[in-house]
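Encoded as C-alpha coordinates, here's the structure I'll be asking about.
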Amino acid sequence: MPYVNIKITRENATPDQKAALIRGVTDLLAEVLNKDPATTFIVIDEVAFEDWGVGGLPVDEYRRQRQSAAKTTQS
Amino acid sequence: MPYVNIKITRENATPDQKAALIRGVTDLLAEVLNKDPATTFIVIDEVAFEDWGVGGLPVDEYRRQRQSAAKTTQS
Amino acid sequence: MPYVNIKITRENATPDQKAALIRGVTDLLAEVLNKDPATTFIVIDEVAFEDWGVGGLPVDEYRRQRQSAAKTTQS
Amino acid sequence: MPYVNIKITRENATPDQKAALIRGVTDLLAEVLNKDPATTFIVIDEVAFEDWGVGGLPVDEYRRQRQSAAKTTQS
Amino acid sequence: MPYVNIKITRENATPDQKAALIRGVTDLLAEVLNKDPATTFIVIDEVAFEDWGVGGLPVDEYRRQRQSAAKTTQS
Amino acid sequence: MPYVNIKITRENATPDQKAALIRGVTDLLAEVLNKDPATTFIVIDEVAFEDWGVGGLPVDEYRRQRQSAAKTTQS
(Lines give C-alpha, C1' and ligand atoms only; values in the text may rest on other atoms or scores of the structure.)
Protein backbone atom coordinates (compact mmCIF):
# COMPACT_ATOMS: atom_id res chain seq x y z
CA MET A 1 0.00 0.00 0.00
CA PRO A 2 2.44 2.68 -1.14
CA TYR A 3 1.96 6.38 -0.67
CA VAL A 4 3.77 8.68 -3.12
CA ASN A 5 3.98 12.46 -2.92
CA ILE A 6 5.18 14.34 -6.02
CA LYS A 7 6.09 18.00 -5.64
CA ILE A 8 6.62 20.07 -8.79
CA THR A 9 6.79 23.78 -9.54
CA ARG A 10 3.43 25.17 -10.69
CA GLU A 11 3.77 25.80 -14.41
CA ASN A 12 0.67 24.62 -16.21
CA ALA A 13 0.77 20.86 -15.82
CA THR A 14 -2.48 19.67 -17.44
CA PRO A 15 -4.93 17.14 -15.94
CA ASP A 16 -3.80 14.71 -18.64
CA GLN A 17 -0.16 15.07 -17.65
CA LYS A 18 -1.06 14.55 -14.00
CA ALA A 19 -3.07 11.45 -14.95
CA ALA A 20 0.01 10.19 -16.83
CA LEU A 21 2.15 10.65 -13.69
CA ILE A 22 -0.42 8.82 -11.55
CA ARG A 23 -0.65 5.95 -14.04
CA GLY A 24 3.12 5.74 -14.52
CA VAL A 25 4.11 5.71 -10.85
CA THR A 26 1.36 3.21 -10.00
CA ASP A 27 2.46 0.86 -12.79
CA LEU A 28 6.11 1.19 -11.75
CA LEU A 29 5.33 0.14 -8.16
CA ALA A 30 3.34 -2.83 -9.45
CA GLU A 31 6.16 -3.94 -11.75
CA VAL A 32 9.12 -3.41 -9.42
CA LEU A 33 7.61 -4.36 -6.06
CA ASN A 34 4.36 -6.12 -6.98
CA LYS A 35 2.31 -3.46 -5.18
CA ASP A 36 -1.46 -3.54 -5.64
CA PRO A 37 -2.67 -0.47 -7.62
CA ALA A 38 -5.94 -0.54 -5.63
CA THR A 39 -4.02 0.53 -2.51
CA THR A 40 -1.44 2.80 -4.15
CA PHE A 41 -2.03 6.49 -3.41
CA ILE A 42 -0.37 9.31 -5.36
CA VAL A 43 -0.63 12.95 -4.22
CA ILE A 44 0.67 15.75 -6.49
CA ASP A 45 1.53 19.17 -5.04
CA GLU A 46 2.15 22.13 -7.31
CA VAL A 47 4.34 24.77 -5.66
CA ALA A 48 4.45 28.45 -6.66
CA PHE A 49 7.84 29.77 -7.85
CA GLU A 50 8.19 32.09 -4.86
CA ASP A 51 7.76 29.09 -2.54
CA TRP A 52 10.45 26.88 -4.10
CA GLY A 53 14.12 27.63 -3.53
CA VAL A 54 17.24 26.20 -5.13
CA GLY A 55 20.79 27.54 -5.12
CA GLY A 56 19.73 29.87 -2.30
CA LEU A 57 17.18 31.67 -4.53
CA PRO A 58 13.48 31.44 -5.38
CA VAL A 59 13.09 29.42 -8.61
CA ASP A 60 12.25 32.34 -10.90
CA GLU A 61 15.26 34.39 -9.73
CA TYR A 62 17.43 31.26 -9.98
CA ARG A 63 16.40 30.71 -13.60
CA ARG A 64 16.93 34.38 -14.50
CA GLN A 65 20.47 34.33 -13.14
CA ARG A 66 21.31 31.14 -14.98
CA GLN A 67 20.03 32.56 -18.25
CA SER A 68 22.08 35.74 -17.73
CA ALA A 69 25.15 33.67 -16.97
CA ALA A 70 24.58 31.55 -20.07
CA LYS A 71 24.30 34.65 -22.28
CA THR A 72 27.46 36.18 -20.83
CA THR A 73 29.34 32.99 -21.46
CA GLN A 74 28.15 32.74 -25.02
CA SER A 75 28.99 36.30 -26.01
CA MET B 1 5.18 17.44 20.90
CA PRO B 2 3.50 15.53 18.10
CA TYR B 3 3.07 16.80 14.57
CA VAL B 4 0.19 15.34 12.55
CA ASN B 5 -0.52 15.94 8.87
CA ILE B 6 -3.94 14.95 7.53
CA LYS B 7 -4.43 14.84 3.76
CA ILE B 8 -7.98 14.54 2.39
CA THR B 9 -9.57 15.11 -0.99
CA ARG B 10 -11.09 18.59 -1.31
CA GLU B 11 -14.83 18.11 -1.14
CA ASN B 12 -16.37 20.77 1.06
CA ALA B 13 -15.10 19.93 4.52
CA THR B 14 -16.43 22.74 6.72
CA PRO B 15 -14.43 24.71 9.30
CA ASP B 16 -16.46 22.91 11.99
CA GLN B 17 -15.52 19.50 10.62
CA LYS B 18 -11.87 20.54 10.49
CA ALA B 19 -12.09 21.77 14.08
CA ALA B 20 -13.56 18.38 15.04
CA LEU B 21 -10.58 16.60 13.42
CA ILE B 22 -8.12 18.89 15.24
CA ARG B 23 -9.86 18.33 18.57
CA GLY B 24 -10.20 14.59 18.06
CA VAL B 25 -6.60 13.87 17.04
CA THR B 26 -5.24 16.09 19.82
CA ASP B 27 -7.39 14.34 22.45
CA LEU B 28 -6.39 10.92 21.10
CA LEU B 29 -2.66 11.71 21.44
CA ALA B 30 -3.25 12.96 25.00
CA GLU B 31 -5.18 9.81 25.95
CA VAL B 32 -2.97 7.19 24.30
CA LEU B 33 0.49 8.71 24.76
CA ASN B 34 -0.07 11.43 27.34
CA LYS B 35 1.02 14.12 24.86
CA ASP B 36 0.53 17.74 25.86
CA PRO B 37 -2.13 19.43 23.67
CA ALA B 38 -0.25 22.74 23.99
CA THR B 39 2.55 21.31 21.84
CA THR B 40 0.48 19.13 19.50
CA PHE B 41 0.32 20.53 15.96
CA ILE B 42 -2.21 19.36 13.36
CA VAL B 43 -1.98 20.45 9.71
CA ILE B 44 -4.82 19.60 7.28
CA ASP B 45 -4.21 19.58 3.51
CA GLU B 46 -7.10 19.41 1.09
CA VAL B 47 -6.08 17.95 -2.27
CA ALA B 48 -7.92 18.54 -5.58
CA PHE B 49 -9.33 15.42 -7.30
CA GLU B 50 -6.96 15.77 -10.25
CA ASP B 51 -4.00 15.73 -7.83
CA TRP B 52 -4.94 12.54 -5.97
CA GLY B 53 -4.50 9.16 -7.61
CA VAL B 54 -5.66 5.70 -6.57
CA GLY B 55 -5.89 2.52 -8.62
CA GLY B 56 -3.72 4.24 -11.23
CA LEU B 57 -6.37 6.93 -11.87
CA PRO B 58 -7.22 10.43 -10.66
CA VAL B 59 -9.88 10.16 -7.93
CA ASP B 60 -12.82 11.43 -10.00
CA GLU B 61 -12.11 9.00 -12.86
CA TYR B 62 -11.57 6.21 -10.30
CA ARG B 63 -14.97 6.84 -8.73
CA ARG B 64 -16.71 7.02 -12.12
CA GLN B 65 -15.31 3.65 -13.16
CA ARG B 66 -16.32 2.04 -9.88
CA GLN B 67 -19.86 3.36 -10.18
CA SER B 68 -20.08 2.03 -13.76
CA ALA B 69 -18.80 -1.33 -12.63
CA ALA B 70 -21.32 -1.42 -9.77
CA LYS B 71 -24.21 -0.66 -12.12
CA THR B 72 -23.12 -3.34 -14.56
CA THR B 73 -22.96 -5.87 -11.76
CA GLN B 74 -26.39 -4.98 -10.42
CA SER B 75 -28.18 -5.20 -13.74
CA MET C 1 -9.08 8.08 0.99
CA PRO C 2 -7.26 10.05 3.64
CA TYR C 3 -3.55 9.82 4.35
CA VAL C 4 -2.40 10.74 7.85
CA ASN C 5 1.19 11.07 9.05
CA ILE C 6 1.82 11.16 12.79
CA LYS C 7 5.27 12.21 13.99
CA ILE C 8 6.16 11.66 17.65
CA THR C 9 9.39 11.61 19.61
CA ARG C 10 10.77 8.09 20.06
CA GLU C 11 10.14 7.18 23.68
CA ASN C 12 8.88 3.62 23.93
CA ALA C 13 5.46 3.80 22.31
CA THR C 14 4.26 0.18 22.32
CA PRO C 15 2.68 -1.65 19.37
CA ASP C 16 -0.63 -1.56 21.29
CA GLN C 17 -0.44 2.21 21.67
CA LYS C 18 0.34 2.59 17.97
CA ALA C 19 -2.62 0.34 17.14
CA ALA C 20 -4.79 2.57 19.33
CA LEU C 21 -3.65 5.67 17.39
CA ILE C 22 -4.36 3.93 14.07
CA ARG C 23 -7.82 2.84 15.23
CA GLY C 24 -8.65 6.21 16.76
CA VAL C 25 -7.66 8.38 13.81
CA THR C 26 -9.39 6.05 11.33
CA ASP C 27 -12.62 6.09 13.37
CA LEU C 28 -12.45 9.88 13.69
CA LEU C 29 -12.21 10.35 9.93
CA ALA C 30 -15.14 7.98 9.42
CA GLU C 31 -17.29 9.83 11.99
CA VAL C 32 -16.46 13.42 11.02
CA LEU C 33 -16.09 13.13 7.24
CA ASN C 34 -17.61 9.73 6.46
CA LYS C 35 -14.27 8.46 5.12
CA ASP C 36 -14.01 4.75 4.31
CA PRO C 37 -11.59 2.99 6.72
CA ALA C 38 -10.61 0.59 3.91
CA THR C 39 -8.85 3.45 2.13
CA THR C 40 -7.58 5.39 5.14
CA PHE C 41 -3.79 5.14 5.56
CA ILE C 42 -1.97 6.10 8.76
CA VAL C 43 1.84 6.29 8.90
CA ILE C 44 3.58 6.78 12.27
CA ASP C 45 7.15 8.14 12.43
CA GLU C 46 9.14 8.00 15.64
CA VAL C 47 11.84 10.66 15.76
CA ALA C 48 15.00 10.49 17.93
CA PHE C 49 15.42 13.28 20.50
CA GLU C 50 18.50 14.66 18.75
CA ASP C 51 16.46 15.00 15.53
CA TRP C 52 13.55 16.97 17.01
CA GLY C 53 13.95 20.62 17.91
CA VAL C 54 11.71 22.99 19.83
CA GLY C 55 12.51 26.35 21.38
CA GLY C 56 15.73 26.34 19.33
CA LEU C 57 17.03 23.23 21.13
CA PRO C 58 17.03 19.46 20.65
CA VAL C 59 14.17 17.96 22.70
CA ASP C 60 16.31 16.44 25.46
CA GLU C 61 18.21 19.70 26.07
CA TYR C 62 14.91 21.60 25.89
CA ARG C 63 13.37 19.41 28.60
CA ARG C 64 16.47 19.65 30.81
CA GLN C 65 16.39 23.45 30.70
CA ARG C 66 12.68 23.56 31.51
CA GLN C 67 13.14 21.25 34.49
CA SER C 68 16.01 23.42 35.77
CA ALA C 69 13.90 26.52 35.36
CA ALA C 70 10.99 24.89 37.17
CA LYS C 71 13.21 23.93 40.13
CA THR C 72 14.66 27.42 40.36
CA THR C 73 11.19 28.90 40.43
CA GLN C 74 9.95 26.55 43.11
CA SER C 75 12.80 27.07 45.51
CA MET D 1 13.23 20.33 -9.99
CA PRO D 2 10.75 17.79 -8.70
CA TYR D 3 10.88 16.19 -5.28
CA VAL D 4 9.25 12.78 -4.89
CA ASN D 5 8.75 10.87 -1.65
CA ILE D 6 7.84 7.18 -1.88
CA LYS D 7 6.61 5.44 1.28
CA ILE D 8 6.36 1.64 1.26
CA THR D 9 6.04 -0.99 3.96
CA ARG D 10 9.40 -2.47 4.96
CA GLU D 11 9.49 -5.95 3.48
CA ASN D 12 12.88 -6.61 1.93
CA ALA D 13 13.01 -4.24 -1.02
CA THR D 14 16.52 -4.71 -2.44
CA PRO D 15 18.93 -1.92 -3.44
CA ASP D 16 18.35 -2.93 -7.08
CA GLN D 17 14.58 -2.57 -6.71
CA LYS D 18 15.05 0.84 -5.09
CA ALA D 19 17.36 1.87 -7.93
CA ALA D 20 14.67 0.76 -10.39
CA LEU D 21 12.11 2.98 -8.62
CA ILE D 22 14.50 5.94 -8.68
CA ARG D 23 15.26 5.43 -12.37
CA GLY D 24 11.61 4.87 -13.31
CA VAL D 25 10.15 7.89 -11.51
CA THR D 26 12.93 10.17 -12.79
CA ASP D 27 12.39 9.00 -16.39
CA LEU D 28 8.63 9.44 -16.04
CA LEU D 29 8.99 13.06 -14.91
CA ALA D 30 11.35 13.74 -17.82
CA GLU D 31 8.95 12.20 -20.36
CA VAL D 32 5.68 13.66 -19.07
CA LEU D 33 6.79 17.09 -17.87
CA ASN D 34 10.24 17.50 -19.42
CA LYS D 35 11.84 17.72 -15.96
CA ASP D 36 15.64 17.66 -15.78
CA PRO D 37 16.88 14.43 -14.10
CA ALA D 38 19.85 16.36 -12.67
CA THR D 39 17.48 18.25 -10.37
CA THR D 40 14.96 15.47 -9.68
CA PHE D 41 15.19 14.14 -6.12
CA ILE D 42 13.60 10.87 -5.00
CA VAL D 43 13.44 9.86 -1.32
CA ILE D 44 12.25 6.36 -0.36
CA ASP D 45 10.96 5.65 3.17
CA GLU D 46 10.42 2.10 4.37
CA VAL D 47 7.86 1.90 7.16
CA ALA D 48 7.61 -0.93 9.71
CA PHE D 49 4.32 -2.89 9.74
CA GLU D 50 3.42 -1.68 13.22
CA ASP D 51 3.77 1.94 11.98
CA TRP D 52 1.47 1.64 8.96
CA GLY D 53 -2.28 1.45 9.39
CA VAL D 54 -5.06 0.65 6.95
CA GLY D 55 -8.67 -0.32 7.61
CA GLY D 56 -8.15 0.86 11.20
CA LEU D 57 -5.49 -1.80 11.86
CA PRO D 58 -1.69 -2.13 11.69
CA VAL D 59 -0.74 -3.72 8.34
CA ASP D 60 0.18 -7.17 9.68
CA GLU D 61 -3.11 -7.51 11.61
CA TYR D 62 -5.00 -6.17 8.58
CA ARG D 63 -3.49 -8.83 6.32
CA ARG D 64 -4.16 -11.61 8.85
CA GLN D 65 -7.83 -10.69 9.06
CA ARG D 66 -8.20 -10.55 5.29
CA GLN D 67 -6.62 -13.97 4.89
CA SER D 68 -8.95 -15.40 7.55
CA ALA D 69 -11.93 -13.84 5.83
CA ALA D 70 -10.83 -15.23 2.45
CA LYS D 71 -10.54 -18.75 3.90
CA THR D 72 -13.95 -18.52 5.52
CA THR D 73 -15.50 -17.43 2.25
CA GLN D 74 -13.92 -20.22 0.28
CA SER D 75 -14.91 -23.02 2.63
CA MET E 1 21.47 17.46 -1.52
CA PRO E 2 19.17 18.51 1.29
CA TYR E 3 15.43 18.95 0.99
CA VAL E 4 13.76 21.31 3.46
CA ASN E 5 10.02 21.86 3.89
CA ILE E 6 8.90 24.91 5.88
CA LYS E 7 5.26 25.10 6.94
CA ILE E 8 3.94 28.40 8.30
CA THR E 9 0.50 29.84 8.89
CA ARG E 10 -0.68 32.02 5.99
CA GLU E 11 -0.48 35.59 7.23
CA ASN E 12 1.01 37.79 4.55
CA ALA E 13 4.59 36.61 4.28
CA THR E 14 6.04 38.67 1.40
CA PRO E 15 8.12 37.31 -1.50
CA ASP E 16 11.13 39.10 0.03
CA GLN E 17 10.61 37.37 3.38
CA LYS E 18 10.32 34.01 1.63
CA ALA E 19 13.50 34.73 -0.32
CA ALA E 20 15.22 35.52 3.01
CA LEU E 21 14.11 32.15 4.42
CA ILE E 22 15.38 30.35 1.30
CA ARG E 23 18.72 32.17 1.44
CA GLY E 24 19.10 31.67 5.20
CA VAL E 25 18.35 27.96 5.33
CA THR E 26 20.55 27.28 2.28
CA ASP E 27 23.48 29.19 3.82
CA LEU E 28 22.99 27.40 7.15
CA LEU E 29 23.22 23.97 5.52
CA ALA E 30 26.36 25.04 3.65
CA GLU E 31 28.00 26.34 6.84
CA VAL E 32 27.04 23.54 9.22
CA LEU E 33 27.19 20.49 6.93
CA ASN E 34 29.05 21.79 3.86
CA LYS E 35 26.01 21.10 1.66
CA ASP E 36 26.14 22.42 -1.91
CA PRO E 37 23.54 25.21 -2.43
CA ALA E 38 23.11 24.08 -6.06
CA THR E 39 21.43 20.90 -4.82
CA THR E 40 19.62 22.31 -1.78
CA PHE E 41 15.85 22.51 -2.28
CA ILE E 42 13.55 24.54 -0.02
CA VAL E 43 9.75 24.29 -0.27
CA ILE E 44 7.55 26.72 1.70
CA ASP E 45 3.91 25.85 2.45
CA GLU E 46 1.52 28.47 3.78
CA VAL E 47 -1.37 26.94 5.71
CA ALA E 48 -4.73 28.63 6.30
CA PHE E 49 -5.70 29.24 9.95
CA GLU E 50 -8.61 26.79 9.77
CA ASP E 51 -6.21 24.07 8.62
CA TRP E 52 -3.65 24.45 11.43
CA GLY E 53 -4.43 23.21 14.90
CA VAL E 54 -2.64 23.69 18.22
CA GLY E 55 -3.87 23.11 21.75
CA GLY E 56 -6.79 21.18 20.24
CA LEU E 57 -8.10 24.27 18.41
CA PRO E 58 -7.76 25.92 14.99
CA VAL E 59 -5.09 28.65 15.21
CA ASP E 60 -7.46 31.63 15.11
CA GLU E 61 -9.65 30.24 17.90
CA TYR E 62 -6.50 29.30 19.86
CA ARG E 63 -5.18 32.87 19.65
CA ARG E 64 -8.56 34.35 20.62
CA GLN E 65 -8.74 32.21 23.75
CA ARG E 66 -5.20 33.09 24.78
CA GLN E 67 -5.88 36.80 24.37
CA SER E 68 -9.05 36.48 26.47
CA ALA E 69 -7.14 34.59 29.13
CA ALA E 70 -4.39 37.23 29.15
CA LYS E 71 -6.93 40.03 29.59
CA THR E 72 -8.67 38.21 32.43
CA THR E 73 -5.38 37.70 34.19
CA GLN E 74 -4.37 41.33 33.86
CA SER E 75 -7.59 42.80 35.18
CA MET F 1 4.08 28.03 15.01
CA PRO F 2 6.23 26.84 12.13
CA TYR F 3 7.04 23.24 11.38
CA VAL F 4 10.25 22.56 9.47
CA ASN F 5 11.39 19.19 8.11
CA ILE F 6 15.03 18.86 7.01
CA LYS F 7 16.01 15.80 4.99
CA ILE F 8 19.72 15.08 4.49
CA THR F 9 21.70 12.05 3.38
CA ARG F 10 22.98 10.00 6.32
CA GLU F 11 26.71 10.68 6.51
CA ASN F 12 27.76 11.19 10.10
CA ALA F 13 26.09 14.45 11.04
CA THR F 14 26.93 14.89 14.75
CA PRO F 15 24.45 15.83 17.50
CA ASP F 16 26.23 19.21 17.68
CA GLN F 17 25.72 19.83 13.98
CA LYS F 18 22.05 18.90 14.30
CA ALA F 19 21.72 21.25 17.27
CA ALA F 20 23.28 24.00 15.12
CA LEU F 21 20.68 23.39 12.40
CA ILE F 22 17.86 23.49 14.94
CA ARG F 23 19.18 26.70 16.48
CA GLY F 24 19.85 28.33 13.10
CA VAL F 25 16.48 27.61 11.49
CA THR F 26 14.61 28.64 14.65
CA ASP F 27 16.51 31.95 14.86
CA LEU F 28 15.94 32.58 11.15
CA LEU F 29 12.16 32.18 11.51
CA ALA F 30 12.19 34.52 14.51
CA GLU F 31 14.19 37.17 12.64
CA VAL F 32 12.42 37.04 9.27
CA LEU F 33 8.83 36.36 10.32
CA ASN F 34 8.84 37.09 14.05
CA LYS F 35 7.90 33.46 14.85
CA ASP F 36 8.00 32.38 18.48
CA PRO F 37 10.81 29.82 19.08
CA ALA F 38 8.67 28.16 21.78
CA THR F 39 6.28 26.94 19.08
CA THR F 40 8.79 26.31 16.29
CA PHE F 41 9.31 22.59 15.60
CA ILE F 42 12.23 21.23 13.57
CA VAL F 43 12.41 17.56 12.52
CA ILE F 44 15.60 16.20 10.90
CA ASP F 45 15.49 13.02 8.80
CA GLU F 46 18.68 11.27 7.76
CA VAL F 47 18.20 9.19 4.62
CA ALA F 48 20.42 6.23 3.61
CA PHE F 49 22.27 6.58 0.28
CA GLU F 50 20.29 3.75 -1.31
CA ASP F 51 17.05 5.58 -0.45
CA TRP F 52 17.97 8.94 -2.01
CA GLY F 53 17.99 9.36 -5.77
CA VAL F 54 19.24 12.19 -7.98
CA GLY F 55 19.97 12.21 -11.71
CA GLY F 56 18.05 8.93 -11.92
CA LEU F 57 20.56 7.13 -9.66
CA PRO F 58 20.99 6.32 -5.98
CA VAL F 59 23.28 8.94 -4.39
CA ASP F 60 26.37 6.74 -4.04
CA GLU F 61 26.22 5.61 -7.69
CA TYR F 62 25.54 9.22 -8.74
CA ARG F 63 28.66 10.46 -6.93
CA ARG F 64 30.81 7.65 -8.36
CA GLN F 65 29.80 8.53 -11.90
CA ARG F 66 30.46 12.23 -11.38
CA GLN F 67 33.93 11.53 -9.98
CA SER F 68 34.70 9.28 -12.97
CA ALA F 69 33.51 11.98 -15.34
CA ALA F 70 35.60 14.62 -13.56
CA LYS F 71 38.75 12.48 -13.83
CA THR F 72 38.15 11.85 -17.51
CA THR F 73 37.72 15.55 -18.15
CA GLN F 74 40.84 16.53 -16.26
CA SER F 75 43.14 14.03 -17.90
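For clarity, chains are labelled A, B, C, D, E and F in written order, and residue numbers in each chain start from 1.
As a convention for this text, a residue touches a chain if its C-beta (ideal position, glycine included) is under 8 Å from a C-beta of that chain, and two chains touch if they have at least 3 such contacts.
Keep in mind that this is a model prediction, so the values were computed, not measured.
> Since subunit A and subunit E are copies that touch, just let me know if over half of their interface numbering is common to both, same, or not, different.
different
> Just the number, please: Cα centre separation of subunit B and subunit C in whole Å.
18
> On a C-alpha centroid basis, what's the spacing between subunit B and subunit F, in Å?
29
> Please compute the C-alpha centroid of subunit C, do the same for subunit D, then give the distance between them in whole Å.
Inter-chain centre distance comes to 23 Å.
> By residue number and range, which residues of subunit E touch two or more other chains?
Counting only residues that touch two or more other chains, subunit E contributes 1, 3, 7, 21, 25, 39, 41, 43, 52, 54.
> Mind listing each pair of touching chains for me?
Taking the chains two at a time, the touching pairs are A-B, A-C, A-D, A-E, B-C, B-E, B-F, C-D, C-F, D-E, D-F, E-F.
> Which bits of subunit C are touching subunit A when the two form their complex?
1, 3, 39, 41, 43
> Give every residue of subunit B touching subunit C within the complex, in rising order.
Checking each residue of subunit B against subunit C gives 1-9, 13, 17, 20-21, 24-25, 28-29, 32-33, 35, 39, 52, 54, 59.
> Quick check on the complex: what are the subunit E residues that touch subunit A?
15, 18-19, 21-23, 25-27, 37-46
> Please give the residue numbers of subunit D that touch subunit C in the complex, ascending.
Answer in residue numbers: 7, 47, 50-58, 61.
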